[in-house]
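As written, the chains take the letters A, B, C and D, and residue 1 is the first residue of each chain.
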């Protein structure tokens, strides 16, 4: 069974100035990040702009990143789209490219039709047609839908569904699932902002945007917790909320990429309609980065 | 300038039992519907399952439906996806296939980044790169985002943006937009359930799911209003709310397709994860259809 | 049976500078407003700050306003609070003071416990203990709860429950209720912003904040509709959305009171925590009032 | 400075079968609960049905409970209502009765008017007019409003505002506030369901409904955390989520009172419109209580 303990960055997808894919830049980021004690990488999650890529581009990214991700690091591929049929196809493509697991966001466009039964059938069909294990992905801020605990529990019963990434931040739901789910089910926090509380109720790691440019800080927090040093863990947790919020719900992917550029990775533009940060926001962001003293800890 | 007055069905996309596209069935539906005094057709809107089709399939649908839609009927093509780049590509494809206008749903996945400025830039870029006029599409139940009046007003300033379909049902917002927008801007109701109230505040027609199988009822309501017969219009409006709600927010595309099958059109399955209706729902739906006496009025 | 056709202002409650009740000012407003062809008055609705008054003050307002409201005008009293017990008490007090009907907002604080059954029992208990007829009041913007059509239909079955004020603005729900409810049930629009669309689906009047200082405009719109002049009605409807929105959802009771002061009625302060308008907002508001040319039409 | 570390039950208010106040029953509950190592009691919070009591009843409850609460236990009184004026009055009454602190829910009825400035002015006015320290109370499930971190930070600047109870469960916001607020500010979890995660980001205790009938379990969890035994704390946390959820968001005050009755305290009825539990729910609830083995641990 694939063990997911630890920290994963949800890799930003690299585009050049004309918004064309830049796979070399992406591989280079992976190379730099691989120096840290990361558990692996998520490719084409929300921060990876899965929704902004054509079918052909998606496959190209799976393949290029697998080449760059060291064999001792886990590669998780985001493969969840609106139809079951296309989600199965993407998952097969990711498996063929060498991904170790697939992260499947729930379909959400036809919200009214997404009954528990529809979602369970969707996930079961994907899991049955996948040669690699599947993770559930709950991301209400983007999907506009929040899968409840009962739905997730029913989905988790499938033997090829081994865990979930929860980006909703509802810590009670996370605890409730942890208490009732099969013991081997692995819960990953979807944001560094609630990494410690999630670990405190039984999560075993996180897929967190911040790890795209501050992997050490995320790993350190995880390790303090693992060693039982709660005072240190709390201090590290509270410190990173501002910077993490800045590159996620506050200013999003463009801010994440700007921070990456500033800290020695390739960020580049997000695809439009996401706009580049305005100068005022850039200044605010740099101030937060510098307060947090990030530059000094880049390897 | 393209005149959009009247009723448009947002065509359901036809799939066979294996969920493969069935363009002949779709063309046949168009042929039958064209006997009614419809203003035209919307292809690949929400009910047309745009989100469930691959890029290649989308272009195939644009082309096949244009062949079937009579030249005196307007063809509107749904072309709005998450990235500006792909929305431009789809719009070009639709224009090439012969569509008369493009209906562009706002991008919504990165909700936090969809500022007024980002949305205006998105729509302006699409409009500037389109040889056919563009309509704004606001559909909060599916997108999880409700564009406000100020945003819509700013978008509407572009000369190649000629109207909007509003499926949100916020009648005050619709009136507010009508009062403040350029006079030639054309507002279409996005649901038969609020067709009359929308007309009462200045809409000039509707793109309404019900017209996929009950076109006469929608046209009749529109005509009663146009003739100033408000008593008749009200009676017709109130009667159709139950059936319309049944095939839209209540049971969605599978119910729409089931009703189409029952009333002599081809419905067939929706793509999964949308599930076929259960028997109990089918029975309820038929009861509503029969109450409304729909079968007797099919041409 | 009490007939509610026409326009009612939901009277603002008058306070002096120290925020003490000023019943004389309130009576004077009633006197001025009674020159217009209003159907009657609502006392202690949301705009009347029912929630900001002590029990003793509430009874004093019922009594003082009844003295001032001419006997040929209907007095509706807002009496809905959180417990059934206190709602019954307030309703009895209002009846004793001479109110013709009670408007009962649904309890909402314990949202999770407000099942259909709980709400039906609540309204039935109030109706059974009231010597005057009862109106349902749905006001989601303030209560944070939106009663659905099925709940309202079940409540409406009680013979002493004769109508509703709906401030939610969901025009489809209003039509759906109209179609399914007992014929004699009377629906009143809760805002001037959707008065015409509400009338178009079967409402018979409105309780609208705007009528506190622009009664003529509301009455004129109502009359144009009643005479079947939809073009005039639409023009009047669209014109008043800006001003109405300014004194309701945008800037609320303090704006309503400021406009009243400006137009010859007594407005005075709202009770805190509602703050007086800032100068910039006052200027914006006056601009909207003047655009709408309100000053010229005061009797 | 008043130290709030530890566990507080938000006391249920006792009514007899006719829904009249039963102060003796309430005092008796306090007597029983005082055998446990509780930090104190909250009187007339949400679970105490503050909104269901008349002004006269509220004062009677403050006075009766203070008589029963041992002098070494802290008494916090819920005093937040819609107007600043009445909130000040209630706070004075509570102080006069001997409360040690006041818990002030934000006004929320006029949501649109509750700007940061309005809320800050409200809390400052209450704090300035109070001889006892004030706690902020954020309770979005009931109020329909969620005060954000910036608002809370600005309110917390007042020297007589010493802490907050947060029942929203947004653990990131809690951490964010903890990191940025004055060091002596005391954060209390508003639900046992997120007690451990709250403690992990710096809360110092909790005001939790569960402590009305399972005080030992809440105290034990708190102590495990305090002793640094995170494994024990997690186990205790995860175990109590089901029962806690059952008596709060799932079935509310009537369930809380039913559990109290079952476990040797006086529960009695909630005031209507809250209905007694149906038999089926009672059975489910007893099953959860028995699973949790609560009966065996009553002192």
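Here is the rule we go by: a residue touches a chain if its C-beta (ideal position, glycine included) is under 8 Å from a C-beta of that chain, and two chains touch if they have at least 3 such contacts.
Note that the structure is a prediction, hence the values are computed from the model and not measured.
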Chain B onto chain C, rotation angle from CA fit, given as a multiple of 5 degrees
180
Give, as an integer number of Å, the spacing between the C-alpha centres of chain D and chain A.
36
Roughly how many whole angstrom separate the Cα centroids of chain A and chain C?
49
A full list of chain pairs that touch reads A-B, A-D, B-C, C-D
Flag every residue of chain C that touches chain D in the complex, lowest number first.
19, 46, 51-52, 54-55, 82-86, 107-115, 117-119, 121-122, 125, 141-145, 249-254, 270-275
As the complex stands, chain A meets chain D at residues 169-172, 175-176, 178-179, 191, 193-194, 196-197, 200-202, 228, 230, 233-234, 237-239, 241-242, 245
